[in-house]
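In order of appearance the chains are A, B, C and D, and numbering begins at 1 in each one.
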């Protein structure tokens, strides 16, 4: 064995759980025996959109409302999100419909405002190695949803989580697709990596099939795949009228199909006790 | 949109089914409403091993016995498979236990012998663009299981299938993981790509979670994920005593756990009617 | 043409220079007809090391002293750099030996101190899409050396540069290797991407063969390759005793070989007028 | 160190030259102190084109005429090359202009005809692990130009060369770009991997900047980069009127610029004694 993959070495890692050992954790009820569903618009574009989504997201059986107030955009000339007012819309609508809020802090300067409304602070893919943001988010005491970087190894992902944990917050790991050579999907959802994370980490692992595929036609299939592979939850971008979404239009899942997806995800979960399958 | 991913363009492709249009096909009963399970040893090392596997594979509810007589090996100094005698063992054991045979032709010179015993001729990942092999395999009239190349785009994969179809054989597409940067898994199982293949092609799509992960600890999870994403079948490397396997030891799934895996796969299948989820 | 690579489309981009058009720029003398060499230790570990490096870096013919005061580290338990005192060492040694300073701001909180001593503020690979850092670095007025992200497309790289340019600072682009599947090199130095950047952008482009390879045995070859492909400069990690380096030991280039490398780079530069070769 | 890149381990490999040890070899004058240039059309489309190219290729100072008689094509409905007549055109024109022939055998059935005219048999990227073709090409006794696979590690590449060497032929290794995520270049030319090959193997290493980039605008820059990094030769696709090329039009280098490129390559070579730079 000269090359990279070394099953024996990895098996030793699995045995010692060296990276993030200790008893399994749940975070805000995420993890353990439950399946936690999170959904909402890519960006919280207007109060009406947020409210419309919250109502349907709650009705579909989700526990979290997602939505971006601060959008990380590749170009400085793209729509950057509504900002602070959107945070209020999210929390108000969430409260009205019995949901919790997960929303992104794109920068340390957003942390105070985000920490005030969010039950779960999202740190995005591009910031997975923004160590100061990780550290300070960890010090808010609010749990953190950490997304895997576009080209991050599992080891790097777990070590970034350590930056958050050092601060004191608990963490939820989120697989959201890695960059690959395939031009027909936006990203390559790494279902095997996610499956392995479940063995390596004691923290909950959720899946984002929206960014993981970039294509609403397969969001449902990949969502169910993630659940079958052991995901503790899903975070899905939805929109009542996908073609009108200001951001990430191609991957917006129709709000009207969300309930069906949630029901099927629960079915799949109930038939899979993934841990049993570990030889 | 300057970069690679263009959802609108892909949506047009999906609409026109331009690549491999026509009514949906089944091949040897693979496809349609059924879930087809294939299992067996990586290489058909001995008559006893083949027989032991065939018995358990049949008992677990699989329909196909897999096993390699000719193994493609990275180095010329590695074990290259038993060759022609192994073909006979496979067919005899399969017949005894009511199974069909799927086995690889690594080279055009193997085609006559393989076509005689195999119900389904496997063309391996390294040969996905060995066009002469594709063409001649297509002319045997025996259906072909075509594995996706390590770095093949979905477009290249579908176009390779066309080489087989031109010859006259029908084809089963097999996703088996692509090469990525992650050192902890042998390959990156592209569940999103597989989901998309189901929409783009009218031919059955099966999944190989063994090569797709390289790690027996997550073979089960990825197998179920593939089924949840719409796979028409699974092909799994099993061994009664994984640590004794001469080839691909790290990914050999214990024969004793196969039945459990098959039962769970059937459950997942029954709760997923993937096509419904296409918005 | 269904897939990703579309030469005609790119050719139109090249013709219109749509992304960052305008006359060619030099930054602190980087660009134009000159070749600018930058070298120094990975991290500024001690005053003595910095002084020893500065003396040799100047003697070898380099114009910039590099060195990290704040090191971005994958794990929170690794050495994170000396911090502010190191900034002073760098500037003092640089001044003594007629060099300019290039050093990294890992976070917005470092900007004031870094902007005070640095002639060129480095923004590292992990921060290429840390948009707030880009924006605020751009507002310091100090030129910025922007490193390409590990998995950033050229388009994303150029758009990140726009965040800096919007603030008012000028920018130097730095290719430093992308993540690939090859386990024997730390990164894949994208010499073709760098060559293309020279056509697409009017800002100078430099190369980092240290991170680009991770292996001191080939740093020299890749450095010369970058110059041959049109790089306006090189930034190289050196150490008087590579095996004692606290960080990135494997890629530290021996200080004693630096002069030889600089001389050869100048030779290569003089024989290549890359722009001539554009058909 | 848990992840993939392990400089120490690689350093041990470099020290022992374990893979393909022994004294350095030259093949048909390729290797050693010389720089060998090979050029010609992508496909040998007509006798006139071949003759026109051969004349200019010879005039530019190249030693080999390249050209494809059998073209490996992604789709069965694309132009597959002229076949056997093209082999004759290549040899006749080469003889007339004092050149040697390098041309591809896409399949074992082509070997007899190709071995009759070619001084150097090319095995293409898609066939790097077509082990039977490697073996039988090795038995012709004619030297083999082996191209690196699209997603092949250096280890796999070197092991494929062993299949050829076992047969008795000598081998020339050719880096031609690997598959990456960047949509603006067709492939990612791995200059670092090529530099490392020079240390790991005793066989000559040449570079193909045409497939390595897919874009004629940067073929020249990448060609010189490869020479600067230690390449023993270049193989370049040229065409008198690139826009009329039947295959790989985007990357065809104008025949009228070939001489200039060759002169510059020789200059770069003369200023680089790469081996000196190994610390």
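Just so we're on the same page, a contact is a pair of C-beta atoms (placed from the backbone, for glycine too) under 8 Å apart; a residue touches a chain by one contact, two chains touch by 3 or more.
Note that the coordinates shown come from a computational prediction; the quantities given were computed from them, not determined experimentally.
Separation of subunit A from subunit D in touch steps, taking the shortest path, is 1.
Two copies of one sequence, subunit A and subunit B, touch each other mainly through matching residues, since over half of the numbers at the interface are common to both.
Counting C-beta pairs in contact across A-C and across B-C gives the higher total for A-C.
Averaged C-alpha coordinates give centres for subunit A and subunit C that are 33 Å from one another.
Between subunit B and subunit C, the centres computed from C-alpha atoms are 45 Å apart.
In subunit B, the residues that touch at least two other chains are 3-4, 151, 153, 155-156, 178-181, 183. With chains as nodes and touching pairs as edges, the resulting graph is complete, every pair of chains being joined.
Listed in rising order, the residues of subunit B touching subunit A in the complex are 4-8, 10-11, 14, 151, 153-155, 177-178, 180-193, 195-196, 198-199, 212-218, 220-222, 224-230, 242, 249-251, 253-254, 257, 260-261, 264, 267-268, 271-272, 274, 276-279. For subunit B in complex with subunit C, the residues that touch the partner chain are 2-4, 13, 153, 155-156, 179-181, 183.
Within the complex, the subunit B residues that touch subunit D are 3-4, 72-77, 106-109, 126-127, 129-132, 135, 149-151, 155-156, 159-160, 162-163, 166, 178-179, 181, 183.
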